[in-house]
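Common to both upcoming complexes is chain A, partnered first by chain B, then by chain C.
Right, the complex of A and B next:
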């Protein structure tokens, strides 16, 4: 419990740093000496606070989505971007943007979430036809499925001359976040709370279908709840920020190394870890090439793939 | 006299390849023939070179690693090439790209790539026995890492340098520069000469490491040479058209299943011919019949992904 308190403090410190990094001068002194209508206060309210909130919300909810997915699929190496979920969400967003450009963002996001749900269901369907459940086979099939769905998306975008904008909005990037453009992410927080409430069910479901049914739980219903959480979070984050690779994979794995697998206990850790990790990556991306910035998906791609490689090669040595 | 199956397949594929080349050069051509021939000829030459390089490199790589799922691009080979090239510009400045002449530069890049990939693959393949799925997954993640690192460095470059760099990656089929084409052709020719002289040891290698050593092949040396050849071919095709992930897998898989045995003097030409049919024929079909412009690589990505999943699932089912 004491460690959790420390983690909260670290995350808050990172959040405060994130508030004060940037081109426009927003220092504590400038804030205190100026009136609310002046520039520093306005920058803080319109740009910095929404951005920091967006980072915390998307980091925490993507990490939780990864955790839920790992419980549901019963595989450590699965997360929305290694199961085709993110790609399906982005296909859905593209399709609805082409068919009904006038729809409100909320409606587009729901369509995108439906596509994500369908894509994930397809992934599970394919997995059911694999008799031998190799631990590494599952993410492999997921990545390839993501590649195929991504190719379909690219093909449609290419046909309608939308390649550049597809690239622009599917790349995770917080630089465009302003007040009024991140609020959908609160849905992600709602999903996190839902995951916390249902945590015990997911822990049980993670032990297998027979075990779950024995304990008197409806396995199918737990699965569906999990998939809805994962799809909603993926769609919300994709629509507001873009895709952030590996996040849902790295954080839950590292947390489970430290805290274990009881989901009731790990949820707060995973949420904090996700928020803290993205905050740190975003600060790095903003400082390295000051005053320009490097998109979050690139920074997370570099750091995340290195950690993933470490996990892959380490696991094998002990498991084999 | 009845034709053997491989010979029959090769003859049919050659005819198909010739037909697609003829269609590519003539269909929908209006106006001055000398212009059409030189314009489309350049495009055709680069398509042929790429088809050849991708097909040969994939088949050889599969022989060395002794399996039918891995390809150089799945293992992140071409992402590595992009990374090295970006690294040169990042650390030495854009001047290095324009001041050193292109042959020297290409040679240097291939050298670095061979050294680096040599280390990486020695560690992955020659060390302890690892499961195939682990290798593929590690390869894919390495690819992502290389791509993210290149993106990272590209973001740090100033826009002018970035543009120069970008041009060297995606010299797409339409705008290929003739000197680069000529250099690539010479390099590919040299590789072919070396490969032809080793043709027999390829068949022995595909029996697996233990058998190959038993039958008197200098295993380590042969593998190193083949990896060098593969890196050169990958570098050539990446320099010409940029990364194409699944094309090689598609062609090599089809070639193996059409020929029905794994003797390289049948499989290699079959793969090359198939690659020509797919690239040239596919391009013609897309451009002239469906009027789709150049989305060929996207379609190949789609089909290749499906073939890959099918292969992986079939292996797992066994």
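Right, the complex of A and C next:
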């Protein structure tokens, strides 16, 4: 509990740094000496606070989505971007953008979430007919499925001359976040809370179907709840920010190494870890090429792939 | 037959011209270009292009073209493309088999297709019309001159170049004393800045509108990623917008919706209505085409005077 308190403090410190990093002069002094109509306060309210909130919300909810997914699939190396979920959400967003470009973002997001749901369900269906449940085979199947869905998406995008837009969607980037352009992410927070409430069920479901049924739980229902959480979070984050690779994989795994697998205990850690990790990466992205920015997906991709390799090699060593 | 007559007529004329040229003096011309020298005998009749800027230039000179890229045709050139033109593959990947089979007299590559030169030069006389982004107007004029030479249309080429110079001078005069500017590129909700080495560099380098930013090390495609806060601080007097979504096919208006926000609306450019939306296909796809550059110059001029 004491450690959790420390993690909260670290995350808050990162959030405060995030509020004060940027092109405009927003220092504490400037804020205190200016009236609410002046630029520092305006920038803080319109740009900095929304951006920091967007980072915290998307980081926490993507990490939780990864955790839930790992419980549902019972595999440590699965997360929305290694199970076809992100790609399906992207396909859904493309399809609805082509068919009904004038729809409000909320409607587009829901269609995107439905596609994500269907894609993830397809992934689980395929897994059921894969006899060998090797630890690395499961994410491999997911990555392949994601590749196929991604190819279909790319084909459609290419045909309609939308390749550049597709690339821009799938590139996670917080630079365009302003007041009024991130609020959908609060749905991600709702999903996190839902995951916390249902944490015990997911923990049990993570032990297998027979075990779950023996304890008198409806396994199917827990699975569906998990899938809905994962799909909604993936769609919301994709539509508002773009995809953030590896996040749902690294954070839950690191947390599991430290505090174990009881989801009731890990949810707060995973949420904090996700938020803190993305905050740190976004601050780096804003500083390295100041005053220009490096998109978050690039920074997370570089740091994340290194941690991913570390986790893979480590597991190998333990398994051998 | 009748509805396709302009293209056919042009082909006949070109053919007849080449015949007369051959009978009169079957002279070989050596054309130098960024990737070497290519020998053209007489006036080429069957012309293939792998690049829309090259097509734009040929069209400006009135040269008929037999083969064009099979995708990304800019809408401002849509009427100029013959319906029976041979599709030659994408802007990046030429269909070499089709090109070899076409037995053309000359084949133009540029920019995105410049790397095709190594392969195509053994199939058909190939000329690279790539233009350095640092001096686009100069490059376009040089290409027009070069093409005038290839097709014996020197007078027409000189006329076009004079018109381009006049237009540039007109924009220069209109821009004098109007303050600085920034060329923005929007892409699916993200913002980038184009600088003096980009595909619209002529705004800064050759028309003489000062960049609101001292140095932009811009990436070639999306520009340098920036935030709205950044725009607020740089606070340009003018903003020229390349809506990349529209440039590559998506609905227009996306850029206007993106820019209409609480931070951008506080900039000088937004408050004075100094936002000019450039033809995205001319700016993003053709970049170095004569008619495209003229179109963009006209838009800049209309914006500055408006």
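Here, the second predicted complex is superposed on the first by the 320 of 320 C-alpha atoms of A that agree within 3 Å, B and C clash if a C-alpha of one lies under 4 Å from a C-alpha of the other, contacts with A are read in each partner's own complex, and residues count from 1 in each chain.
Just so it is clear, a contact is a pair of C-beta atoms (placed from the backbone, for glycine too) under 8 Å apart; a residue touches a chain by one contact, two chains touch by 3 or more.
What you see is a predicted model, and the numbers here were worked out from it, not measured in a lab.
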Clash-or-fit label for the pair chain B, chain C on chain A: clash
Which superposed partner A:309 touches (first chain B, second chain C, both, neither): first
Which superposed partner A:294 touches (first chain B, second chain C, both, neither): both
Touching partner for A:179 - first (chain B), second (chain C), both, neither: second
Partner chain in contact with A:165 - chain B first, chain C second, else both or neither: second
Touched partner set for A:134, first chain B, second chain C, both or neither: first
Touching partner for A:238 - first (chain B), second (chain C), both, neither: neither
Superposition-derived comparison: chain B or chain C, residues of chain A touched: B
Touching partner for A:101 - first (chain B), second (chain C), both, neither: second
Partner chain in contact with A:109 - chain B first, chain C second, else both or neither: neither
Overlapping segment of chain C (options 9-17, 99-107, 171-179 or 243-251) - the one that collides with chain B in the superposed model: 99-107
Intersection of the chain A residues that touch chain B with those that touch chain C: 292, 294-295
Chain C contact footprint on chain A (complex, rising order): 22-24, 39, 42-43, 46-48, 97, 101, 160-166, 168-169, 171, 173, 175-176, 178-181, 291-295
Interfacial residue positions of chain B with respect to chain A in the complex: 130-131, 133-134, 136-138, 140-142, 144-145, 147-149, 151-152, 155-156, 245, 292-293, 295, 298-299, 301-302, 305-306, 308-309, 312-313, 316-317
Chain A - residues contacting chain B, complex: 77, 126, 129-132, 134, 136-137, 139-141, 143-145, 147-148, 150-152, 154-155, 158-159, 245, 288-289, 292, 294-295, 298-299, 301-302, 305-306, 308-309, 312-313, 316, 320
In the complex, chain C residues that touch chain A: 71-72, 187-191, 193, 221-222, 224-230, 232-233, 244-245, 248-251, 258, 261-263, 266
